Structure formats: C-alpha cells, structure tokens
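Shown below is the structure under consideration.
Note that the chains are named A, B and C in the order they appear, and that numbering of residues resets to 1 at the start of each chain.
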C-alpha cells in the first residue's frame, strides 16, 4: 500500500503498477459481487419482460380464447401502425410531453431560483412546500384537479365565470382542448418540483465568483442569467429535460382518472393498457408496448446524439 | 446575514405566499371536498356548507362501506412499499459502494443499465409480467408487486447512493484497511455509519416512488390481498354502484397524503440534497 | 369456505352472505370480495383471474352482457339440471335471457335492473304531459324539456351507460345492435345501418346538438343525471331505480325538501315510435360459479340460498336493486320502499338485454368510441362509422 494518500482509485491503480493485475482482478471480482445482484435484478425486471413482450407481439392471442392463439409474424405491428388511433395517441402523448416539459422548465427554474436564493429563515418552509407535490400520489393529484374542474362537483367554473370562455356551463372534460388543459395542469403541478430540484443542483454548481465578477463588471441581472448562469447549467438543464420528457411520455395516471381517453385524450400508455389488460388482446397490446419502448429509445438516442446530453458523465470519473 | 431592505422583504413575502399557494392549493381543495356531505357535493362551493366526517367514517369506521377496501389497501401499500424499498436500498447500497469505490470492468454498464431501467415505460413491462404472473401464481400477491416495484426503486437508489458515497472521506476506510481489516470489514465499520444518512434519504425517495405507483397496482392485482391504495381509490363507490364516491375518495386521499406531508416536513433538507446529488453528480 | 366476488353495493350482498352462512350451519362460509365499480372493469378482473384458472373464484356477481364471454371458453361451471329448474321459477323474461348462452342456462339470475322514465310532475304538467296515464315518446319529452327551458337527464358519458342507452333506443325502434350475436367474431353482423339505428342516432344527436341535456351531457353518468334531475333544471330522466332511494336519503339528511320527493313521478321508458311499446334497458346481476372452483356443488347450494325471493326482496328494500323473481315483488317491505315496484316489474317484462356475445366488450367499446360525444352523432354517418369500426376490430384489423 504505497498510495494510501491517493484518494482516487484510478490514480492509485496507475501508481501501483506492480500489483496491478492481481489487484484489478480481485477488485473486479468484488465489484461484480457487490453490484451483480442489483444488476441482475434490474435486467430481470425489464430486459426479460420486454423480450417476452416482443415474442408475444408476434402472435394473435386473446386471453379469453387461449386455444385460438396463432403466429402472425409482424401483422400486429401492421395493424397498430396503420391505425389512426395509434397516431392520434402518439400525437397527444407528444403534445403533452412538449407542453409540460417547456412549462415545467420555466416554472421549475423559477422555483429553483427561489430555493437557491431564499433567505435562511424561509428556506426550510419554501423547500417543504415545493416538495409536497413531489411526494403526493399522482392519482390523488388527478382526483384533486378533476373534482375542482368537474362541472358537477367543481368550483372552478364558479370562481372564474368572469373570464371570457369560462362559465358555469363549461364542461372541461367534454372537449379535447379543455380536458388536456386540466390533465396538463395536474401533471405540471405534480412533477415541477422534481425538475426544479434537478435545476437547483445545476444552479449550485455555477461558480459564485463568475457571477460576482459579472456583477462587478456592471452586467444586469438578465445578462448575468443568460451569459453566466445558464451556460454553466447547460448540462443540468439537458438532463432535467430528458428525464422529464421520458417521464411525461409515460403519462397514464392523470388521463386514466380524468377522462379515461375520452374526447381525443388517449395516450400511448393508456392505449397499451386498454388493449392488453382491458381487452386481454395480449398480442396487439404487446405490439403497442414494444412500439412505446422504441419511442423511448428513440428520444434517448436523439438526446444523446444530437443534443449531446451526457447522461453518464459522472460514471467516467466515478470514485 | 445582510440586512434586508423593505422591498426585498415584501418581495420574499409575496414569493412565499405564491409558492405556498401553488404547492398546497390542490391539497386544500381535496381536503375541503373530503368534509362535504355527499348530497352537497354539487353546490359549486370550495368549502363545505355543512362540515361532516361522514366520508371518513365510510373508509375508517367499522361498517363503513369502503372500510375493508381502504384499510386492506392501506396495509398492502405500506407493506409492499416498505419491503420493495428495503430490498432496493440493500441491493443499491452494495452496488453503489462498488461503483463509488472500486474500479471494475462494466461499472459504466451498471450505471447505464440503472438509467435505462429508470426511464423504461412501465406499461411495456406490465403486459408480459401480467401473463407470467398468472402462470406462476404471483398474480395478486405481495411478491408479485414487490418484484416490479424494484424496477422503479432500484435505479434511483443506485444513482442517489453512488452520488452520496462519492463524497464520503474514504481515507477512513483505507486507514481501517491499514489496521488489518479486510475490505468488507472496513466497509462495515468505517463507512456504514457515515453512509447511513445517505441510505436513509435514498430509502425515503424510493418509498415515495413505490407509494406512488398506479399502473402495476391496477394491472397485477385483483383483490384485497395485494391491491395498493392508488388502485383502490378507483374501486370506491357511493351508496349504490351508480353514485359518485367523491367524498370517500377525497377522505382516503387526505389520509394517504398526511404521511407524505409529515415525512417532507421532517426531512426536506435530506430529500433535497439526495435528489440534487443523485441527479447531477450521477 | 366460499369466496363471492361482488360488485360494490351498499352492503346488501355482504349481508346476504352472512345470512346464508348462518343458515348453512357450518356446511359452508361465504366470504365476499369486492370488484371495481365500473362494469367493464369488473369483467376485466374476473376474466383475468379465470384465464389464470383461479380456483379461489367460487361465486361471482356477473353483469349479464359479460356472461357469454365467460361461458364460451368454459369459465363457468355448468348449472346442474335440478338447480336450473329451481332458480328459473317465476323469473322475469329479461333475466332469463341474460342468464342464458347457447340456449343453456349458464348462470343463476339474482337481481334484475331496468330503467324507468322519471319526471318532475310540475314540469310535465306545465308541458301538458302525463306520462303516468299514457306512454310518452322521446320526441315529446325532448320538446317538453326544451319548451320549459329544462335539461333532459340522460347518460351521455363515454362509458357502458352510453351503450345501455343506444341499445334501448335501437331496440325500442324495433331493431337490434347485433343481428346474429351467436356468430364467431369475424361473422358478426351489425344491425345499426337500419331505420332503427338511424332513429336512435337522431334522438341522441338531437339531444346533443340542441343542448337538450345541458353542458354536462358528454360526461354525464347515472349519478350526474340524478343530480341534474334533482336540481333547478330537472325535468325528465331515464335512470335506474336507485334514484328513488338516493333522493329519499337526500331528503332525510336535510339536503332536499320533501316537496322534491313529492314532485317525482315515474313511468315506463319512453317510446321511440308512438304506439310501439318501448324496450327498456335491462341490467342486473347474475351469479356465475367458477369452473375452476374446488367447491362447485357447495357454491351452487350457496347461490340458491342467495337468490331466494326473500333475499331478493330484502336486497331491493335495502339496496334498491330490483328482484328478478316476480314473487319478491309481493313482499310488503318492497312496496313500501319502492311505490313504483309494479312499474319496475312491468318494465322488466319488456326489457331487452344488450347483445349476448362473447365479444360484447369490443361491440360496446366500439359503440362508445363512435357515438360520443352525443353532439357529434349524425344519423347519416354514425351508424355506418360504428359498423365499420366494430367489424374491423372484430376481424383484428383495427385497434379500439
């Protein structure tokens, strides 16, 4: 042990050239011994099911008619991809994803600034308040928003009857636009805290000296934000956007509770659920599941390749 | 601490009010609904006209129409979420230690896998699991939910803990190793006490995620044996199957929200640091 | 130990389970387990478990439209001949039809539901109608509620209740949604592209387009209908008998005046064509015995206990769900709780069940997909659209 003082194992390894291979081998063994179980569990709960889903998607298989199961190749995919309902659900899903991510990014950044700058006496209170939506069950949030806007049990119409377009006769869940509005509101309320915490982490990494220097140079608040703070936070913003986008893409709970897909609010997850769990058409449902999975992969690929989001940035310098 | 100008004070007061309104309004709203008489739900008022606890009696009092449904789901939710959290945290602690501390081929792959699993569309897993669980008898059991819950809790636990562990002063461990302890002993004696707060925070975050699940809950259960709270809320009913269960759902929603609010109140500092570290450093 | 999967109610089924357990003297114990609130979600849960050959399902409360889907793959244990004979005595026609698949009794009729026309006597009188005297038509109540500036309460939400409405209208006009409900999936023929289908679409479309149902119509379920009916804009409503017990409860807890209850009248479901008797909706619950149960014989014994006329009468009086056995209507407790019991019995004799096919879920969801929102329903296009969608879905060519 000649390198006790070195804190980083890679440096230590580099220094300890002599015993390197032995040591590396035992470290690798220990590493896999410790990380192996988690790794295997993660694969078991995702890789296996998605492979199974792909296999199932090649069959015409209805659970209540188990004897009629037959191999149909890629026919299920042809049915799904040629169906306007699938494309509509995809469109709605993408719309919800884009709108929620943009609004959450702005609102989340504002909340992150509030948390970052908050004077000490208020910091605990503000953080607690912002964390509450994060901890709330999504289904509870969905019910809260639903009951508030519902034409029968709601009070929103009575409160905002003075706003043009809103009256006590407005049925929010009777058209696509207004239904999506409430769904998106609930989604934003529940998940903005998460994005703002990611952004807070980014904020705290912006070197204060830089900001102070800019202030001394006479930069306005806006200039400091756009020229110093934001560029230094780029990585954090990208990670936050990607995580939230993928999360929003899976939206299910809010839609299920509020409209169950009525009035053109069908989203991909709900379509997959209704097909495989509701209609028990395992083959078709699995095909939708696989397509949904491919969409997620595609989003990731685009983010990583085009926008150079460095998701595993920490992994390389680990230790 | 700089002395605040009056203007700054007012600004902060306004900001605080805005943030509190944003964060708490929907909860207050459902809280108010939970105290409304079933026949007075449709008056279009925010606060109840007559305050009543009848909705809470429905779900809590013996003989209440949703009592068995709610209490058994509460038991299931607590039990399943706790077990899924515990397993995830134990596995993640081992893995995160290896990631933060050791150099081994495939380390990056473990982290990327965790990332991949955490963005996996839940609904894609549900159909095959549903089919498999039916065949091997895990459908509608605790274990049948605990296993898929690991796909939610394990990845974030690994990332959060790996970030925590990177900040631990590892010299202590090396000092212990010099004193003749094995790597395992060094880990247990020197590091575990330091790592405990991080592990606790991770457990809290993982618990929230498991507690929040809805898709697995409605797809992989069908009776009181394993149905968790979010799924059970969709099963409530009014006095007859045609009447709206608005009141009981609101009351149940408030009850399951109370522990969340208490945990957040007690541990906001830890949760914030846990989430921010896992996110950016990782 | 027998497990009875029940649809949620006001505790009536649990009470009957207790009474039958006591009466069985230790031969069996019935334990209830609650299913979801929504009819199609109930089917989902049961079908899922039965497909898993679950032996813990002994007795199930089944919505009649889903009986064929459970019977066809053999999920229901065959009804022994002697039991079949006993449980069909004095049972109304609609309930028998709903319990039968392929000309065989496959489930035990328990309670039978039907919709009546409920009306505010004051509004009907102002419009010059007396539904209690002579049957009224849809046209009449639509015009009446419009003239009186009131809302017609019907179920326009995208759910099973919409199918119930469509089926009743089509059947009342002398047609049927499926012409050959027993056929395999790819040979099913729909009967919507017909004068009956167009008549149904005309009624729903007009109510939607002319806003006769009010703004809540596209999300209006049975409970929401009731609250509109009870409100200032209430006029006519088609709904199940639970509305009577619910309104009475509202009067008892002080939310409503006694005057409201006194203003409520009832009559047979409205006619589509004047002079042609209506075909009211038929609902209710049958008891199915799980084919994989370890105690099929005991379960049938328990089912027979559950459906005795006394239990049906008790269930009606306490939970508002009407009996399928005509004998139960003579119970004094019933006539006291439901003064309209006679009209209900009459309505049940006229009632027409929804299509009895193993593909009911596809048919019903397909209808909801195309006949919603009500304002978009057009007699010229909607029947064709729904026929095309359902046909394509049944052939596996389209998603639902």
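In the analysis below, contacts are C-beta pairs under 8 Å (C-beta built on N, C-alpha and C of every residue); 3 or more make two chains touch, one makes a residue touch a chain.
The structure displayed is predicted, hence computed values, not measured ones.
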Discussion item. Taking the touch definition from the header, please name the shape of the chain graph: line, ring, star, complete or other.
Written reply: complete
Discussion item. Of the chain pairs B-C and A-B, which one is connected by the greater count of C-beta contacts?
Written reply: A-B
Item to complete: Mind checking the centre-to-centre distance between chain B and chain C? Centres are C-alpha means, answer in whole Å.
Response: 40
Worksheet item: Can you give the whole-Å distance between the Cα centres of chain A and chain B?
Response: 16
Response to the item:
Among all residues of chain A, those touching at least two other chains are 152, 277
Worksheet item: Of all residues in chain B, which are in touch with two or more distinct other chains?
Response: 42, 130, 234, 244
Worksheet item: Counting only residues that touch at least 2 other chains, which ones in chain C make the list?
Response: 48, 51, 224, 227
Response to the item:
Note: in the complex, chain C contacts chain A through residues 40, 44, 47-48, 51, 69, 72-73, 75, 157-159, 214-219, 224, 227, 358, 361-362, 365, 372-373, 396-400
Discussion item. For a test of understanding, state which residues of chain B touch chain A in their complex under the given definition.
Written reply: 1, 4, 12, 15-16, 19-20, 22-24, 26-27, 29-30, 33, 41-42, 44-46, 91-92, 94-95, 97-108, 110-117, 119-132, 147-148, 150-151, 154-155, 158, 162-163, 166, 170-171, 174-175, 177-178, 183, 208, 211-212, 214-215, 218-219, 229-230, 233-234, 244, 246, 249-250, 253, 256-257, 260-261, 263-265, 268-269, 271-272, 275-277, 279-282
Worksheet, complete the sentence: Within their complex, chain A touches chain B through residues 1, 4, 7, 9-10, 13, 24, 27-35, 37-39, 41-43, 45-46, 48-50, 52-53, 56, 111, 114-115, 118-120, 122, 124-141, 143-145, 147-148, 152-155, 157-159, 168, 186, 189, 193-194, 197-198, 200-202, 204-205, 235-236, 239-240, 243, 246-247, 249-250, 252-253, 256-257, 268-269, 272-273, 276-277, 282, 285-286, 289-290, 292-293, 296, 300, 311-312, 314-316, 318-319
Item to complete: Provide the residue numbers of chain C that touch chain B in the complex, in ascending order.
Response: 7-11, 33-37, 41, 45, 48-49, 51-52, 221-224, 226-227, 231, 239-240, 242, 245-246, 249-250, 253, 255-256, 319-321
Discussion item. Show me the residue ranges of chain A that touch chain C in the complex, using the header's touch definition.
Written reply: 60, 63-67, 79-80, 83, 85-86, 150-152, 169-171, 173-174, 260, 262-263, 271, 274-275, 277-280, 284, 288
